[in-house]
Structure formats: C-alpha cells, structure tokens
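Below you'll find the structure, written out as structure tokens, and then a few comments.
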Amino acid sequence: MQDFAASFFEAFRLVISLDPDLLEVVWLSMRVSLSAVAMAALVGFPVGAFLAVARFPGRGLLVITISALMGLPPVVVGLVVYMLLSSAGVLGPLQLLYTPTAMIIAQTILVTPIVAALARQTLEDLHDEYRDQLVLYGLGNLAQLKTLLWEGRYSLLTTLLAGFGRAVAEVGAVIIVGGNINHVTRVMTTTIALETSKGNLALALGLGFILVTIAFAVNALVFMSRAAAVRRAYA
Amino acid sequence: MNRHLARFMAVSTVVAMTAGGAMADDFIVVQSTTSTQNSGLYDYILPIYEDKSGVQIRVVAVGTGQAIKNARNCDGDVLLVHAKPAEEKFVAEGYGVERTDLMYNDFIIVGPPADPAGVKGMKDASTALNKIADSENIFVSRGDDSGTNKKEVALWKAAGVDPSQSSGQWYRETGSGMGATLNATIGMDGYTMTDRATWIAFGNKADHEILVEGDKALFNQYGVILVDSEKCPRVKSDLGQAFVDWMLSDEGQKAIASYRLDGKQLFFPNAPNVTN
Amino acid sequence: MRENLLSAVQRQAMPVLPVTGTGLRVSRKGRVLLDVDDIEIAGQGTTVIVGPNGAGKSLLLNLLAGLRQPDRGKVRWNGTPPSRSRYCRFGMVLQHAVLLRRSVRANVEYALRAVGHSRTEARRRAETSLDEAGMERLAHASARVLSGGERQRLALVRALATHPDLLFLDEPTSSLDPASVLAIETMVQDASVKGMRAVMVAHDLAQAKRVADEIILMHHGRIVERAATDNFFQRPQSETAEAFIAGRLLI
C-alpha cells in the first residue's frame, strides 16, 4: 500500500510551492464553510436562546428534534438541497445549483442544528444561574437574552468551532449540490474524494493533512484571539 | 462589548451573501461521467476550447445513470456519457436534441497477477466472465447504474450468468465510481471491469494488470447530446450547441486524439463525417 | 441632593416603599415553609431578619423582592405588585451573587446602565463607587477570579452604585473573613445613614446587634417577634426569642 511518508511529502510539496489550484480550493473551502457557520450562527443562536428561556407546549419535542438533527447525514441534506435547487425543483429559477451559494445553503442546514442545540444547552445553564440577577436588573426578555449571549460568548464560540469542523470536513452534501466543478465548486474534501477515486492515494492523504492543519489553524486563531480579548478586557 | 458581536455577525453575513455572487454568465454545465474526468481528458481539452471561445465549461462528473437523471432535471446543457440505449431513450423522450457518436475507448478486465481464475490473455469476454464465476473469485462491480455498470451487466447476460444471485459473496457491488471500485478491487485482490482510460490514469494499480482485452463486445462508445430547450427552457442552447459542434469538428476530434497519458492514446474520436 | 444621584429612569419610576406582604403562604409537599400574615417594610434604617436555619428568612426576602411567587397572599410595592420598571430603585445582594463574566468595573457599569445611565456616566460612577469601596485596584480584574470576600464586596458595590431606595441582603457575609465582614457592614451602614432602607438576612446575632435598628425573628416560617434592636435583646417578649438569644433554639 501507499507510504504515509509519501503523503507528507505531497502535502509539503503542495504547500511549499503555493500551488495555485490548492490555494483556490482551500480558499473556497474556507469561504463556503465560514459563511455557512456565520449563517448558522444567525439562525442557530436566536433559536437556541429562545428554546433556552421560553416555555411552551411542544418545547421538549422541539429540543429533542433539533438535537437529533445534529446527526443529519450530509448526503441526505445534499440530496434535499439538490432537489430544491434543481431546475426541476421549487427553487430552480434561482439558478443556484452547482454554485458556492448552493454549497453554503447545504452546509448551513447541516450546521444550524449543531449551533442551535449546543447554544440552547449553554444558554439554559447560564439562564438558571443568572435568572434572579437579571430579574433584579429589571431587564425584559430580549435584553436578558442579549446579556446571556454575551456572557456565554466563549462557550458559544466553541459551538461555532464545532459547526465549522462539521462543515469543513463534510463531502457528501457539497459534492452533490456543488458538483465538484473544477475552479468553480471544488473544495478540499471533494478534491480528496476525487484524488482517491483517481487512485492518487498519497496526494489525497496529503490534502487530508493540509485540511486538518487548516482546521487546526482556524481553531488556534480563535483561541488566541480569545485569549487576547480576555487580556485586553482585564488588562 | 455587544457591538463587537454585532459587527462580527454583520460582516460574516455580508461575506455569506456575496460568496455566491460574481459568477460569469458565459458558462455551460456538462453532465458527464467519472471515467472521462478521472482520465484527465477534460483537463486537457477543455482549456483549449475555453481559450478559443471564452466560454467556461463546468463539468459535473457522476455516473452515467446519475448524469442522465440530472440532465432530465434540466441541470445541465450538454450530456456526455457512454450508455447508448439510455442515451437514445433520453433523446426519444424529448430531453435531448440529438445523439451523436463522439469517441470511443474500450473496456478491459483487470485482476491480480496470480490470476486464480485463469483468464489471462483471453480475447472472449463471455468465456472469461464464466471462468471467473465458476472459480468464485471475487469480482467487484460498480453496481451504480453507470455506463460501465450497464455494460458489465450486459456482458454477464451474454455470458449466461446471473451474478446478482451471488451478490455479497464472490460478486461485490460497491455502488461507487470507477476509481473507488478500483481501489476496492485492489484491496480485495479481485477482478473488475473498467474502461481503459481510467485504468491507465489510475494511480493505485498495486500489481494488478490487464488480463482480458480486445473483444469487440468490450467496445465503449461515448455519445454527446445537447439538452433540448423545449423541455428545459433555461438551457443555453447556443453555447451548448457551439461546444458540441466543436467536439465533433476536426479540431475537437484532433484534440481528443492527441490526449496522451504515459504515452498512450486514451480516447479514439469517431464522430460521423470525420476521417481519422 | 439625593435626586441628583439618580438617573432619569429612576426618577420617573414609581416608588418602591412601603413594601408589604399579606397572607403570604408557601408550602411544599404538605410542609409549610412560610406563613406570614402581615409584614411591612417602610420608614428608615436597617432591619435584620434572624432565625435558625430553615426558618424561612431567605424565602421571605425573595417573596418581597418579587423573585418568587407565594402560593397564597400578595406582595405590594407602594400598593401595586412589583414591576420590572421599579427594579431600578431596588437593589439586592443574593446569597450567591452572580457576577458577570467581565471585569469588576464592567460589572458595576452594567448595573448602572440597567438603571438608565449613559455609557460615560456609568463609567464615571463605577469608578467613583469602586474608589469609595477601596476596590479601584481590582477594577480591571476579571470578576470571576475574585476571592469570596471580594466577590461579596463587588456584589454590594454594584447594588449600591445605583443608589437604590431599598436594599435587600441575603446572608451577604456568611463564610467571610472578619475584615470582609466589617467592610460590608460599614458600607451598608453608610448607605443607611444616607437614607437607604435596608433589610438583611443573617444568622449571626453579633452582626444583628452591630447593624440592626430593628430585628425580625423567624421560626418555622412564621414571624415570632419584631422589635427595635435594644428591646429585642434586653426584653424579649416570647420564649422562642429568649431561647434564640441564649443560643438554645434549634430547628
């Protein structure tokens, strides 16, 4: 079988040479997954916050449903988004299939339940702790939620990282709705799938190393900027 | 402090919203097969056409069955696959304007050098498949309704064997593309049928080799079809037709013929009215 | 003079005092936790609620603060139920103070912003409050890493910074070192002198003697005795009070 050393070498060679195709693919991966996480935050945080504090019939069912949706298979999401965006589908006129936007939509659907479910847990725990204090400040529900979101910001950041990890690592959804079109919708994971199917295992694994390294870099960046923010706030 | 959060949200939303924008309109989508993509043919000929015409060709490479389904959903302008009966049905049902032979290569049967079924050097595909079935050595099938898979099923039928009875035993259906199926074949030390182009370009051959080749029944014809704008109003008929015309022209056919990998010609153009 | 210290929001809000509770009853699983027919907090000074553990002191305070609802009975602030808008004239130091995950100063600023002060005004007042409490050194420290004594002092500074008409304290000094206890008692007394009404739950009789103008003794969820501090200690009216002062009263 293939040598792991060869994969390291491939990865190293690609990075050192700043291979333009590699950069394009990495950039698109980042753009798609970070956009998806941002959209997921816009939807998931309010939903999570609402579920954390609101009490209404069917809430428990909704909480369980959203938690369960964390396990959505990417391929299924890809298929559903494909059927919606296909020219034959309801949203066909938008002409979004095989574009990065389609990939962002699919990944947003994958990531939103993760963000919402984890945010709900974080904010519910915080709310239990803060409830009396926030009542004493005479805050309305919205102002309370705003404070809780800010108080939970570091945990919520980790929530976003979990979502980012899911998005940047999945291939099933983006390959269906993006089509893995060279220079248009080809991202890290679809490239890895393609190179694997070409039998270029060393190259595929090398790209895998690069993907993990990038994920590591994004996480490190977030943790460092968080540490810097903490230092600034309490300097 | 909440301002920072708000600003972050706003910026990321803008990024998300603009991410899909700024796309050139001068492009067409070609629904095609993994075999042509994995062989590297598109990477070679498409830049030639794109430079000349200024039109970007976006290839979605899936199995032939999937490609035809996608085209039926009007999610492509041109269909370039290799399953003649299915292609003709596609045209007959009004989804395609016209089907034209474009090029061919051939299928081969590859297997381990030890060749426990003893098919090495055979010219007749039916006899070879019969021997593999009798020996119950592992045979890996695409099992994905692709052009290659359709061909393989037809060959089994011609050989008078129904391998689906043994599915999961010596007959293994991967339900995957050619590349993944080849990887599985290598891993299981089995036999499989593949198009020659994918095999030559394949990077993980281990010590597997071509055992059966040269049968007329293994002929692999590719056809090209413009998706019909009567069924699919958003099809870019002009751009699509121009691309099809170029592929069928002397220039396009020569480009296909001149693609070499490891010094070997992978595809043989055979469009009508063109002499090669 | 005092009016100038309040924000526009606070000046517009209806008064909190007098706080009254009538027919208050809370029970859980058939056990009566609280049964108070009539209580009024008005006028001036500091009231300390004492009693053994489980007497219902904290529960009474939480009911009067509007943080809990009684099974029966009603709580009124100047004749109407506690309302959100009037919390700006009311302060409370919870038994387990919840400090925001921000700096010490930002915690005080947050409270000042909540009663309607502008950003710059909140900062100025927060700094003044921390200076007066001798906590300016900690202004930029994270509130979540303070020691127990510092935490309670910050909670008190935060509550006092808005100049509330009425302050509730729920065992603010339990398990603190003597220096912190003294600091907290002094701050409460200073605010009291300036006209703030204070109600504090304590189970330390010495502390009650030091800070209270008036004592309320609770036992088994009922108010047993309510008297001026001197009278309470020198002329207890009930056997329960006598026993409690002598340290003989158990749950």
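Should a chain be cited, it is by its letter among A, B and C, assigned in written order, with residues numbered from 1 in that chain.
Quick note on the criterion: a contact is a pair of C-beta atoms (placed from the backbone, for glycine too) under 8 Å apart; a residue touches a chain by one contact, two chains touch by 3 or more.
Since the model is a prediction, treat every value here as computed from it, not as a measurement.
Chains making contact with chain A as well as with chain B: none in this assembly.
Relative to the C-alpha centre of chain B, the farthest chain centre belongs to C. The innermost chain, defined by the distance from its C-alpha mean to the mean of all protein C-alpha atoms, is A. Look at where the CA atoms of chain A average out and do the same for chain B: the two points lie 32 Å apart. Each chain gets a centre from the mean of its Cα atoms; for chain A and chain C, those two points are 46 Å apart. In terms of their C-alpha centroids, the spacing between chain B and chain C amounts to 78 Å. Multi-chain contact residues of chain C, defined as those touching 2 or more other chains: 102, 106. The multi-chain contact residues of chain B, meaning those touching 2 or more other chains, are 1. For chain A, the set of residues touching two or more other chains reads 233. On the side of chain B, the complex with chain A involves touching residues 1-2, 5, 9, 12-13, 15-16, 19-21, 23, 27, 29, 34, 37-38, 42-43, 56, 58-61, 70, 72-75, 176-180, 182-183, 201-206, 232, 234. Here chain A touches chain B in the complex through residues 1-2, 31-32, 34-39, 41-42, 86-89, 92, 95-102, 104, 146, 149-150, 153, 179-184, 194, 196-201, 203, 233, going by the rule given at the top.
By the touch criterion given at the top, residues 129-130, 132-133, 135-140, 147, 151, 154, 230, 233-235 of chain A touch chain C in their complex.
By the touch criterion given at the top, residues 62, 65-67, 84-88, 90-92, 94, 97-98, 100-103, 106, 110-111, 114-115, 140-142 of chain C touch chain A in their complex.
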